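Both of the next two complexes hold subunit A, though its partner changes from subunit B to subunit C.
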Partner chain A sequence: MKKAGLILTLSVFLLVWVCPHAGANDGPHETAPGESAGWLADAGGRSSSEASNIGRQESLRQAAAAPAADPFSEDYVEEEDEVADLHAEEKVTIADPIEPFNRAMGAFNDRMYFWVLKPVALGYNEVVPEPARISAKNFFDNLGFPARFLSCLLQADFSGAGTEAGRFAINTLWGLGGLLDPAGSETLNLQKQDVDLGQTLGVYGVGHGFYIVWPVYGPSSPRDTLTNIGDQFLYPPSYIEPWYAWFGVWAYEKVNAASFRIGEYEAVKSAAIDPYVAIRDGYIQYRAKSVKARKEKSLLFRDAAGETRKE
Partner chain B sequence: MRKAGLLAVMVFWMVGTAVSGAFAAGLIGPPQSLSRPEGGLSTAVGFAYDEEPFKGRFEHVMRAKRLFTQAAYGKPDLWEVCGSIGLADMKLSGAFSPPGGVPAIARNDFHDDWQLFGAVGARAYYPATPWFGIGAFAQAAYHFGSYSDQVIGLAGATPFAADMKVKQLWSLRAGIGLQATVFDRLKLYGGPYLCHAKARVDLAPSVSGMPLGTDADEIRNKTRAGGFAGAVIPLAKGFAVILEGRYAERFSIGSAVTYTY
Partner chain C sequence: MKKRLAFMGILCVLVMSTAAYAAGPLATAEVAVGKVLDVLRDPKFKGPEAKQAKTERLRVIYKDMFDEIEFSRRTLARNWNRFSPSERAEFVDLFEQVLEKAYLDKILDYSNEKIVFYQENMLSDKQAEILSKIVTSSKEIPIFYRMILKDGKWKVYDVVVENMSLVQNYRAQFNDILGTDNPPEQLLVILRKKVKEH
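Right after this comes the complex of A and B.
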């Protein structure tokens, strides 16, 4: 198991170096820890993609709603340019040299979702009340502390690291080992940091490489795959032995997480002309957005006035 | 409503005194629940140091350090149920000391490290005035693990080694508490309690002359009644500190930091 992990890590590492920035218009690049793992990442990616689309539509709507301008005046041209610039700024792409493979994996994951995960998650949803499912989610989130804490430190986001440490201490001690989330309450307001090692590489300018869809794990890239492996090393349940006990915990975690997102994947799929492209775009946009957000929190990218430096 | 509260207090008190109670888990705590006025959850993390005399054929002092976490659900002006889980070590003085000096042993006291224990409890509270109230409580605790230690000595000229186990330690504790709120927020509380605790002691192989364990002995707490007093000091953002002392022939102390959801 460890050998396999090592080989996978090395291959991904090579892939990253062979295709350093292949096609990726890597403005912002990024990875979401739990979200990017699994076909469920589709849901996460899709949500951000939807948000992005809504944003674009909103911009267009605003532009359309603006007072009618003289098409021959200078202002009119500038407005058009602004809309175009806005789109150009948001446009993030990724190379997809292994699209046939990715599409096949996408189809496989689609079947896995509809044939296995969704029925199990629906049954689980029926049997287990929501507070218990939320507690389970809180528990696994709490165990993700080491990866989030280290990522914050590596990104020079010391405030985020402090928040994570505080959350972990409070939720472990007064949240019954992490089952409850008192740190996230209104009074304490220590929110979980959306951070992972993939974002850390993204913050430092490392590109995605190319788009890859893993069976079961879903949308990713060599950079995110590599860092997902790193995140797993920092995730305590990864050390559960024997392997079938680990697999049981892993599967339970995925089913529990899926129970909160039933219907999201279906919505993306039905709304998109080509779900594969929609999910790919959603994934890359989501990662780009989260890396951008992390950069804004990093001390390394701030000027003397405390503002995020523009590159 | 007040009649119902009074009735609940009486019922709890009767149940409490019927079960009597001792070497329980963690703190007794204030009579009034720390949850929000409309009812809710509160959790606590604490440390306690307990000392209590136990009797078998001879008297021994049991000492324990406890680390525990507790969850409680209730309504401040009426009731609360709580459960706690934690780790406790154990020292039993003179457990290896033969009363006649024979056999000769290397050391006198039994000692073992952290074992898991759990406790459940319930309490009722009646606020007589906005700043003063009375309540009753009952708690039960059980130690899941067995404590064990090895005794080495000489029986005549023959060296021996035997394992002593203290297991199935359980306790019941019940009492009444009075509570006063001073300076608007500081809560002081105290009252009498009754307690009963028991454990089984085994020694294998059996060594004649040893004070405990030769015939699957039992030990019980010696003093069945005691008193407690404490304070709840509110901190910021829903946190509070509880400081508490108990006396039942020996002093015990403890402290916990609570969080109200």
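Right after this comes the complex of A and C.
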């Protein structure tokens, strides 16, 4: 009981302390469209800009020589892409100083998937019908309520927090302890909030740092690693004792989750020219978009997010 | 001669008026995806030997739906300008084959999931983003189409699956391979190998 009180005071303190700071630092940061232009210049690399200029002139000359109707002769123009990408901030990259380590871990995870996770999940799929697997997923999702609820509060997304509280109450009481998801039905339409502590830091402007691929856990960053540990503290199954019972539950949850996603990794891998870079970019794009979606729901950042949308 | 001229004139007017009366981007995307679903659902094409026939029918539809040159140009971005027109043509062709091989099986796997087109965001007079989703029993997969108006026809130049833009994802990979001054040939060699290995 004492512990719960402590956590509550801590979260309220964090909320009060972080808000004014974040407002002062991040308000202008988010609305500045010049940011993206700066990034673009950086990405191109100053030393290389000359070289690419020469290249462009050359291809322009070639384009002029080719017949006008040839669609292949049309050059790439930077501006047209600005419009297409809608939000300048979408252009996200991540530093990757430990790439050799990450590539090795990626290769390890690849083997783990094909040698362990996939065969187990396929066997599990054969034995357990889909409705039962969905129920198991619902059950674990329901236990994730404390982490999602706290993240919503910390992000000043009070409607999201309300939705989560309502879902937890309804699904626990009328959904057989979370096995069913009556709250998510069409009539009630209380959908699970896609939220975690890593996004919460992201909303307040904390960057990833750099890219890390953990064995088994997969793509991450220092920010998301630390906050994921925080999320685990708020996840009841983490407290199961003894450790092998915890491990059994953990492994079961992973296999159950994987059973819905068999084939997705294979598809990404076969479509990619360099799967490592494809997954790194996918991870960073996905995280950036979800942070942006959270900002639009936050009382503190909604206006800033809306402004960038209009631009 | 006069008759022929008049005929040509009428033809011109007809062609131009259909161009001006192009369907909106959402309708265009929805119709194209609807055609794809018709092929996939067609009971005539059951069984494994029908795969080839299905593939050919689908190819006609997506060639009409996608602007593969626009797609290629945006994925190569700045590097596109370092490719000669013939290198560009080869790149577009190889890239298309890679994409077809990667996604065809996924599309042929279709088993009556519901596809809903629900929103059209105009980015400018000539660009739009169409929001759709695939609804399955365990999840919803958002798929957005980014479209551009060219010669009176809306064409897709980027697909955003679960918030991940294909153009951006391939751009990251091609940037990594080409860097700032690796020759275009380097990427073409990798693509040729990738097309062959399947």
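Structural remarks
FYI, the second predicted complex is superposed on the first by the 213 of 311 C-alpha atoms of A that agree within 3 Å, B and C clash if a C-alpha of one lies under 4 Å from a C-alpha of the other, contacts with A are read in each partner's own complex, and residues count from 1 in each chain.
Definition applied: a contact is a pair of C-beta atoms (placed from the backbone, for glycine too) under 8 Å apart; a residue touches a chain by one contact, two chains touch by 3 or more.
Note that the structure is a prediction, hence the values are computed from the model and not measured.
Touching more residues of subunit A than its counterpart among subunit B and subunit C is C. Shared-chain residue A:Ala278: touches subunit C; no touch with subunit B. When the shared chain is aligned, subunit B comes close enough to touch A:Trp174, but subunit C does not.
When the shared chain is aligned, subunit C comes close enough to touch A:Ile134, but subunit B does not. In the superposition on chain A, A:Tyr113 makes contact with neither subunit B nor subunit C. In the superposition on chain A, contact is made by A:Phe260 with subunit C only, not with subunit B. By the document's definition of touching, neither partner reaches A:Tyr217: not subunit B, not subunit C. Of the two partner chains, subunit B is the only one touched by A:Thr187; subunit C is not.
Shared contact residues on subunit A (touching subunit B in one structure, subunit C in the other): none found. Partner subunit C is touched in their complex by these residues of subunit A: 44-45, 48, 51-52, 55-56, 59-60, 62-63, 66, 70-76, 78, 81, 83-86, 90-91, 93, 130, 133-134, 137, 260, 263, 267, 270-274, 277-278, 280-282, 285-286, 289-290.
By the touch rule above, subunit A contacts subunit B in their complex via residues 170, 173-177, 180, 182, 185, 187-188.
Listed in rising order, the residues of subunit B touching subunit A in the complex are 41, 43-45, 69, 71, 237-238, 257-259, 261. Against subunit A, in their complex, subunit C makes its touches with residues 69, 73-74, 76-78, 80-86, 88-89, 92, 98-99, 101-103, 106, 123-124, 127, 129, 137-139, 146, 148, 157-158, 162-165, 168-170, 172-174, 176-177, 180-181, 190-191, 194.
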